[in-house]
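In the two complexes that follow, chain A is the common piece, with chain B as its partner first and chain C second.
Right, the complex of A and B next:
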């Protein structure tokens, strides 16, 4: 049993506040992904939990016990580092064995433990090698094995796939969720890769500048990003962002895109007449025939066929560039004039000044709450 | 691979030879002098071909110096023993004190840690003679004058700053994450120091120890003032060869050959560590 609870954590380095009054709860057995740009404080947060640095303020609870002042070696967590942090003077076997040695396990138990986790991670054949002789992928697996071997109830993984090649990263992205689920451990996983975050997290905490900007399921983060920044970070190709000023007519609230009225589905009353930014996911746009209501005339500028999808860069009559993504094998235009339609239901509307999303019930409630 | 023309290689060979001759000449000349008598050494013009004699070495090892004025007792072998004892013990004490201190300075930035580290380094800035006068008075009061303990203590001025600063650079070079990983694995900080930091800084510690040994070995002035004949190292002991009946060049040469042999052997053996240690210490210090 190892839930994790952080209460009002503050960490400063000199005058710089790295973590600003941060609170977070991770349920037992849950995988929480900490996602954010570098410098957001993700790694610092992980180290605070591991106990190798101390918070200036706040409390850390692991499995309900106050661990704030407990030394790292007594917290019973497992951690994998972004730079692997393998012990260069020890073989892979000895590296993986260190947490078991600390528990004073018998030689036999150590051997059995290391070999079983090595087999799981497919590094059994390189156990006698020094880290120097391992490939990046093997190093990464060794580091992961070292974190897993003691079956810690709380696992901290600091961007473990950062320094491995794309192919291995893809494989591990598929393998890791199953591996972590099998262990039943509570996991805090740090990454800068939104695909990794979406693939691994039960929930995702989006961090920037020492604050959690949004906490939710991958679905929530993607469908209802709290602000423009988060919308931009999740999704490939990047979301299209266009300045608009919503207006109202008999059919509801609409925005004008290239003189075409696109009606929005959602509670956007507050947005009428304000300077806004509309966010259109490239996959929410589709090529349509001329003459269909809501068809926006565009010129195709370039087409990038990727394996599973085709991304087209188009230009509107007003000169704004938009990315359109469609599954490979579906019809579209690769050059010349074309028309696109917008799926009004999946459009996102953001306030131009603050960047916050408009219309989300949560956000609205919060705003009212603040005002009151 | 870099391509070099034949001419380039020849020129480089010549340049290297010149450098080697320039630096090795004194040592070779001393080595040759050590096998000659005073008469052949002082012959003008000097001659490369001579009849080698082991008389100088015999005199040193037996401790009987034959001069024109008669037989003189010299304690060269005892000096050599003193040198070995003083240098080895000083370096050992320095390592024992300096390595943990270097680790503390590298890993724990506390208020004033930089100042303390710098103060320790500044011991090396002070001219030895300036320190010596008050030190002599204190040592006489404390009963440390002319004792091995007193000398080893003073030798810490030479060894400790060197070891502290070089080894500190090495400790700082070890990524903190590696040590964190070991601690998170469930090991105490002391186990981390012993099992991770010490082995990884090993080459640096060896290099620093070696350098400190050479500096301690070559020290002259501390021992000259603070020790009497029976505690003096070779550097001071060599003064005995300036006798009333003239300077015993042959014996001096033989004494030099004998006294540089241990450091030379050590340096050659650990050359790789030494260069690494020096350059690292310089960059990180």
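Right, the complex of A and C next:
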């Protein structure tokens, strides 16, 4: 049982501030994902929590206890890294056993502990192998097993799937939630992959330049991103961004896209007459017949299938590029002239100058067929 | 596409002595039409890069022949093959700026300066490298070098464009739009392009046809659609597609006019005999054991059906990936809407025989796809 609380953490390297007055609370049993580009400060934050480095200012509480000045080995933290960091001269078994050896567990307890976690991670058959005889996937599972074996109340995982191939990454992404839930651990998980962040995080902290830019559930981050930069980081294909200047008529607030008026649902009064950017997720656009109200004429440039989706690059009459995506097997257009329609409820609006999202609340349109 | 742009006939590649060295490419025969985009797809060591390098002329052909546009080229030096390339080991010229690198071949072909400038400008815009045109290769990032190298290849007129992992290093936010633009560019000009990639996503996005390679052997050469719907064997079936195809071993049993595909854990997929076409039914009934494959999007949740238990439910914004404990293994489902299912929740799944792929248990070769024999 361990919550984690960081209070006003500052970390500097020489003249550079890598964490700038950062505060964050992770609830007991929660998985919090730290997401951001390299250099955002994610790994430094993990190392501070682990006790490998010390903050210049601020406090770290684990399970309510002030751990700021406590040595790493007494913090009850398990850690796994992207480069695996296995001891090359030791077998997978001995690597996994190191946290238990350090705790001076009995030989019987060590054997039972290692074998049980190895079985869960499907590496029981390679426990006698040295790291060089393991595949990348097995190395990564060995590193995870080592982090899990002592059942640490707080688990720090630094991009553990970064160096494994796409298929394994996918498989592990589906397996990890249960592994973590079974242990009841509080988890801080670092990644640069938005799918991993959305799939694994109860909440996601989006970081850049040593600051948390947005903290929220995957749904909040995806549907109500704080700014354009965050909107661009989540979603594949990337969100379409088009310059617009919202106006008002009797039906409400609208934007002009290729001389077609697209009405928006949302609290956008403050946006009227301002330079804005509209954000349209590719899946919020669809091909429609000509003559349907709001249909925007486009030319299809290319169709590029993507994992059970079909992505189409189209160009508007004004030369703007738009990506449209739809489930594979549904009707679309693969060439020539076509028309697309915008789901005005899921459009996002941003201030052009600051990049911040406009509108206090965003209407979250739940799609049809949302199963109970 | 009646005209052949590239013909590879019975090509072998040995590293070391013929018939005794490492056999990297085995008796490869392929024909690529003019204007086609073809992807050579496989994991490292599958022979795809050796093949590309033999086409380019960077590797000798141990046995067999390669023709470009009807002209045998495999004994010619690279410069005589009229092939444009973007790949590792064929890097940008360090003393030239990005602009000079891209313009080099056009200047050598004595194109007027105004035309060269216009072409460079248009490709630079397409690849979003306009702001680094005056920079030298050493001062730009790996991803930018990759785009510049791609630009240098695409700008040329050539019988063939060879692209080695052309987009591996691109930032993810640019990937989808650049794929669309590059495909449009190649198609609009009628270029013939061969790209090598280990990334099945890239191959599916760009290629008209995909050549799946493994162990130096061409496994299947077909459209992305057909590879998805009619994989030639288990390797192709599980290599192409994300999430990967679900695969289970099954015993075939019959009782009272029904066919049961018996899975581990006492589970069984039961079908009326008439649910299968006669040839597929005959094939199934002639075997004791088979391997069945089901694409994740073809697994349906239903009231009836076989019980499974949710082990993961991951919403990615525009898709939901669900994993369930099933028949001693894991079954993956893809749904396009957001699905609310808790971990541990019981579900029932059904698999339409139309969506069932059957493979030979020993060889992995496909037996049937839905109602049709492989």
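Brief remarks on what is shown
The rule is short, and it goes like this: the second predicted complex is superposed on the first by the 359 of 372 C-alpha atoms of A that agree within 3 Å, B and C clash if a C-alpha of one lies under 4 Å from a C-alpha of the other, contacts with A are read in each partner's own complex, and residues count from 1 in each chain.
Just so we're on the same page, a contact is a pair of C-beta atoms (placed from the backbone, for glycine too) under 8 Å apart; a residue touches a chain by one contact, two chains touch by 3 or more.
Keep in mind the model is a prediction, meaning the values are calculated, not measured.
When the two structures are aligned on the shared chain, A:103 is found in touch with chain B, with no touch to chain C.
Touched residues of chain A were counted for both chain B and chain C, and C has more of them.
Once the two complexes are overlaid on the shared chain, A:267 sits clear of chain B and of chain C alike.
When the shared chain is aligned, chain C comes close enough to touch A:328, but chain B does not.
Judged by the touch definition given at the top, the superposed model places A:112 against neither chain B nor chain C.
When both complexes are overlaid on chain A, the residue A:308 reaches chain C alone and has no touch with chain B. Applying the stated contact rule after C-alpha superposition, one finds that A:166 touches chain C and leaves chain B untouched.
In the superposition on chain A, A:85 makes contact with chain B only, while chain C stays out of contact range. By the touch criterion defined above, A:317 reaches neither chain B nor chain C. Partner chain A is touched in their complex by these residues of chain C: 43, 172-177, 179-181, 183-184, 187, 199, 201, 204-206, 224, 242-244, 296-297, 301, 311-312, 314-319, 321, 323, 330, 332, 334-341, 343. Contacts from chain A toward chain B in the complex involve residues 47, 50-52, 71-79, 81, 83, 85-89, 98-99, 101-103, 146, 150.
Remark: chain B residues 175, 177-178, 180-189, 191, 196, 199-200 touch chain A in the complex. Those residues of chain A lying in contact with chain C across their complex are 165-167, 170, 173-175, 177-178, 181, 195, 198-200, 218-219, 222, 232-238, 281-283, 301-309, 311-313, 321, 323, 325, 327-329, 366-372.
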